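First chain written, first letter: the chains are A, B, C and D, and each begins at residue 1.
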Amino acid sequence: MAASEHIVGRGIGNKLILFTVILVAVFWMLPIAWTLLLSFKPNSELMISTASAFQPPYTLKNYTDIFQSSGVFRWLWNSAVVSVGVTAGILILSSLAGYGFARAEFKGRDVIFILVLLGLAVPEQAVIIARHQIFSDLKMHNTYPAIILPGLSSAFGVFLMTQYFKAIPKDIDEAAMLDNASRFKIFWKVLLPLTIPAQATLGIFSFLGAWNDYLWPLISATKPEMFTITVGMASTQTNFAQSEGLGFLMAQAIFAGLPVFIVYLFFQKYIVRAVAGAAIN
Amino acid sequence: MRKLSTVLLAGLVVTAGAGTALAADKTEISVSRFFGACEADYGSVTDVTKANGECGIITALINKFNAESTTTVVKPEIVEWPGYDQLTARIRSGEPPVISVMHEAVISNYSSRGLLEPLDEDFAKAGIDVNDMTDAARQGVTKDGKIFAMPFDTHTWLWHINMNLFKQAGLVDEAGKPILPKSTEELFAQAEQFKQKTGKPYFISTLANETAFYTRTFDTLLYQQNADFFADPNKVNFSSPEAKGALQLLSDIYTKDYTTKNQDYAASVSSFAAGDGGVFICGTWLVDTYDQEAKKEGVALSNGYAVMPFPQIYSGSPRVWADGHSWVLLKQDLSDAQRASAIEFMKFLWDNNYEWARTGHLPIRKSIIDSDQFKALPFRADLAPLAVNGTALPSAVKLQFSIQDIEGEEVGSAMRGDKPVDQALADAESRINELLANAK
Amino acid sequence: MTDVTLSSARPVAAKRPGGASIGPRWTNALFVAPYMVFYVLLLVYPLFKGIWMSLLQSDMFDDTSKFSGLANYYRLFNDKVFIGTVWNTVLFVVMTVPVFVVIGLLLALALNRSDRTAAALRAIFFGTSVLSVTIVTIIWKMMYMPGNGAIASVMRYFGLDPIAFTTTASLALPAIAITTIWWIIGLPMMLFLAALQQIPGELYEAAALDNASRARSFWSITLPSIRRTMLVVVIYEIVAQFQLFGQAQLLTQGGPNNASRPIVQFIYEQGFRSWNLGYAAAASEILFVIMAVAALAQFFASRKRVEE
Amino acid sequence: MQVSSIELDSVSKRFGSVEVISELSLTIHSGEFIAFLGPSGCGKSTLLRMIAGLETVDGGEIRIGGERVDNLPPGARGVAMVFQHYALYPHMTVADNLAFGLRNIGTPKDEIARRIEEAARILEIGHLLARKPGQLSGGQRQRVAIGRALVKDPKAYLFDEPLSNLDAALRVRTRVELARLHQQTRATTIFVTHDQVEAMTLASRIVVMNARKVEQVGSPMEIYGRPATEFVARFVGSPAMNFLPVQIRDRGGLATAALGDGSIVETDVPLAGLPSGGELRVGVRAEAIHVREDGSVPGRVEVIERLGDRTHLHVRLMDGSTLIAEDKGFSRIQPGDTVHLAFEGATAHLFDAAGLAYHARQ
């Protein structure tokens, strides 16, 4: 893996660097450690001073309170539905379109592909006002489709999958053609299984993107029961919450961050590989 | 683990309970509110007298209503403060909540666009005597001659005082009342004296991350000088000597270190509780919170909390910035049952206005202000005149929240010395007038 | 290899129809059609609708919008606050992108090892990227809070006057930048790591045999080998950081005195706070133009990559 | 067992405005093993792919077993192809790779199993059936690729440079196996290669192509012994044929070629057919140039390549031109030695300026 780690005579330098990075990493974790510490303190003490975080008493009440206040669970669920929906949608649409643009010829294809590429230049924020109007006119806000669908228009996935399909040797499809496979069968049975690494990359990026999306859910999911965790957490961090329920707020933050963090730790290897995959493409 | 599962179970039961209530043929109405979330502490409290603080009392009020009403279930929807961006998005989406809490300052934005239901007839039918409303409240909810909201409180700008430090500074009279300035000179003299004696700043103020302090204080100082900066509702006027004087005053307080600096809301709230300064200029909603704190032993505020209206340091008038929370009925396809339920809930809030006033907010009913029960609450005798003196912007002024934001930003940058006073006033004026010129 | 004849029970040519054939077929368009529906309805149409809206004076709740030509744009270019947001956004990009590149690369260099410690450290630096912006801002509010924040407490402990990050005009944007870097340094680090692992180890061995120092190896082997990734990271980060919104809205609300308000927040506030849809749409189009230029740069850069 | 002839009738192909194959006609007989030989870019693969249906045909007709196929999709043509890089489906097991095509045409399960078993037996890949291509060596993959063709019992086998990815030893072995396989199946086979040895050893007929043209069609020994053009002469045979500019003299109706240094090569090429004007060159293979005491052409040896059974000498003649001559395996000649070369005039050819060959009468 590492290119030069075994070269003789660089041991001390390497150790020094590692030590520095460990130090930086400790600092990197301080904000989370601080949040964690605050989350175990009674709100009333924190209202006087957060310095009390360094002394007992500590309590789990902030966490048990989460189970009683309805919000977070519902928001996590919404986020899960939305993220899975966006991810699945993007994977399906991008795979189909990627195969189409890379392999299935039809008239005007190249022109359409260039138009799609131009779509990469359109940031979500630039169309957000108009999109909100459109979904308002359709009376679709505060539904899962409204939160999910705009994410499916992103050209990034199509671009990525097209590139990936193009990189697969064409003789595989040709072999399949000679094996009397239909277009869809070639896509579905022969090429799609070969794109699993790209699907993983795109899937992880899409999932994290949807999970962390803020602007669109903020204006589309305006009923508390439709909040995603991101919007829900935004709705809790008001001035009042900070002054009177600081510990609870911190517990919520930790709790809300936990699921995706655990998923991350679990899939770390794949995520790293997926990001690397995106880099090499 | 056992505790956890109990709690989980309890949560399930509560949810299931809500489900059965729905099934029992009651009309459900959604009520959107801020004031924070505290189901954890008050989720099952129906005895409002046991609740404290804004969040606790409103949660308990709704619980009580749901427990008592035979026809209606209120589904509270808790939103970010102040939440108007999302409310806007939500109204535009065609699915507004049935009832929403709303500052009186912004009602006209919505009412003028036909987004709110006028309530005069409903109130009359429900037996709500609008003549019992205080003048401030009634003006606050009346737009173009119609009532568009059920007022909930009048909240104004107060001086929360740490009497323990005031005593130490020698700023308490024989009657045990705090000695407050009656002029700008006195203000500086007393602030200096306070600083000398206690080593702490006279003021605690919320100067960071929000603009409310600046706008509210600055408006109050203008009102006290009788400067009518919105004579024309479409144009603000900050180019008066009064405006300049007021802003200079704030700037001087800052440069002379008579206030804590760089504290955001949470920091200033806790800073006062921790005894870091003499006067916390903040709103009515903290009265009860600090009063409770003062009842504890061994804390900075122990037996040493007082609260006073913003003292008159200019000779003009005792008027002070004010706004009010109110409840509006949003225009949508409401069934008769839903509308009836909404009015039933508003009537309930009207009837229980005293409970809300326990937070420190001023009640919106004359009968409550005059009641012995209210007067028996601590400090309320001193605060009652604010129901009269509390002053809002003229209701013809549009986009009041946006205006207050701009005003606060500019006043703040001058107070903190980021901008010269004249420059800030000129910028505020031109930005607000630009906003109003383009407003519908 | 004795009996070779594959005696067929029946002719294989008794085929079912439907084997794919080469050349253009309109049915092939069915593969891209589903995506194109979303693309046209949710990207192209809103884009043009937005451009049209930017030419109107329209209110969120008032249907009497009237055509006003370029009036909104004219107003934008004379709006100090808007110009300020453009400036803030550019400044933010200038603040963050070089840091993303430098720190991302340094971390990647240090962690380009195959042992467990390095893996754990990589997990730490990338791990924060999976948190929502709202959680990140909550965490950092607790760091920055002038009164009770961790940084303030530490400074006070050492007898220093706490720095008010989010409330000092000159520090608000850097505070957001620090938070942003903390949040998503993982991505550039990973991209650089991937690039570093593409460099053949022999190059370093050859360099070591040639008595090249570590620094020398870095300048003459590592840097040239990863310059494409460098370009990708730079352009990606430029595009990404131009879209700053959540951190600013939640940490500083754009303050103090507009010192940290980015373009996207301006659009959001004009639309949903001032209800000024035409004006918000016009600001969106300005953002679009800026981003389109950046994206085109990316396109050409990546094309050059392919040609290389 | 179905074997069919393949007919190409005035077939043309354009890529954009470039005509890569023009009006090519060729008949491949039923059961024949034919090789398309030529350097890369000569159009041989394109031609094969047109037969397979992987490239469109811009003009002319292709018939397989008498049935016109140029409008049929690849799968409907009943041919099987073995690709240069094998093109195995990486995510399927070997068995699934073999079965895929049969399943697509609805072959019954037991029939599929039977054919896979049979092919596995023939190709000795029975133990690999459960593995995936990634777990196979290059030679094993090659066999699987052939097996995939075999199970389909096609009208014709199309091989596109199938040996180019194997190492030298394996290539030779596979070559022999392919030859044996064809001898046993007698299936119509088209084999595309740039390697003249493969073409020579395997094919019953070779189509030599260059620059999108057919240079020559003929049996291996025709191609070797009587190359139609300078290109064929240079491309086929190793080392490449020597070419030396010559002056022609009459020797009883046959051409005698005088080299630059004045020495003489007596060819059997009839003078009659030769062009009157223009330069001519003599073409002689290394094996027809020997080192002999009495050799008439002196030269200096510059490089020696020992091949074991024979030795190639790179010799510079007096006039500065160079050629390759052959000596016995244990040659004592050292670089720098002066040698005398004798030409076998009977196997020499003459080539005109356009590269057209003139051969001895047969």
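Keep this in mind: contacts are C-beta pairs under 8 Å (C-beta built on N, C-alpha and C of every residue); 3 or more make two chains touch, one makes a residue touch a chain.
As the structure is a prediction and not an experimental result, all values here were calculated from the model.
S.K.: Could you tell me the least number of steps, going only between chains that touch, from subunit C to subunit D?
M.R.: Counted as steps through touching chains, the separation is 1.
S.K.: Count the touching C-beta pairs: is A-D or A-C ahead?
M.R.: A-C
S.K.: Using only Cα atoms to place each chain's centre, name the chain farthest from subunit C.
M.R.: Result for max centroid distance from subunit C is chain D.
S.K.: Between subunit A and subunit D, what is the gap in Å from one C-alpha centre to the other?
M.R.: 56
S.K.: As a quick test, compute the distance in whole Å between the mean CA positions of subunit A and subunit C.
M.R.: That pair's centroid distance is 13 Å.
S.K.: From the mean C-alpha coordinate of subunit B to that of subunit C, what's the distance rounded to whole Å?
M.R.: 39
S.K.: Pull out every residue in subunit B that's touching 2 or more other chains.
M.R.: 85-86, 89, 92, 210, 264, 266, 270
S.K.: Can you pull out the residues of subunit A that are in contact with at least two other chains?
M.R.: 46, 49-50, 132-133, 176-177, 180-182, 185, 219, 234, 242
S.K.: Listing for subunit C: what residues touch at least two other chains?
M.R.: Correct list: 15-16, 19-23, 145, 148-149, 268, 272.
S.K.: Any two chains that touch count here, so list every such pair.
M.R.: A-B, A-C, A-D, B-C, C-D
S.K.: Can you list the subunit D residues touching subunit A in their complex?
M.R.: Touch list, subunit D to subunit A: 49, 52-54, 73-76, 79-81, 83-85, 87-91, 100-101, 104-105, 148, 152.
S.K.: Which part of subunit C faces subunit A closely enough to touch in the complex?
M.R.: Of all residues in subunit C, those touching subunit A are 15-16, 18-32, 34-36, 38-39, 41-47, 49-50, 53, 107, 110-114, 117-118, 121-135, 137-143, 145, 148-150, 153, 182, 187, 190-191, 193-201, 203-205, 208, 214, 217, 229, 232, 239, 242-243, 245-246, 250, 263-264, 267-268, 271-272, 277, 280-281, 284-285, 287-288, 291-292, 295-296, 298-299.
S.K.: Which stretch or stretches of subunit A touch subunit C in the complex?
M.R.: For subunit A paired with subunit C, touching residues are 1-5, 7, 10, 13-14, 17-18, 20-22, 24-25, 28-32, 34-35, 38, 46, 49-51, 92-94, 96-97, 99-101, 104-107, 109, 112, 116-117, 119-134, 149-150, 152-155, 158, 173, 176-177, 180-183, 185-187, 208, 211-212, 214-215, 219, 229-231, 233-234, 237, 242, 249-250, 253, 256-257, 260-261, 263-265, 268, 271-272, 275-280.
S.K.: Could you pull out which subunit B residues touch subunit A in their complex?
M.R.: Residues in contact with subunit A: 3-4, 7-8, 10-11, 14-15, 30, 34-41, 43, 53-55, 77-81, 83, 85-87, 89-90, 92-95, 97, 210, 264-266, 269-270, 273-274, 289, 299.
S.K.: Within their complex, state which residues of subunit D touch subunit C.
M.R.: Going by the criterion above, the answer is residues 1-2, 53-56, 72-76, 78, 102, 104-107, 111, 115, 118-119, 122, 124, 150-155, 177, 180-181, 184-185.
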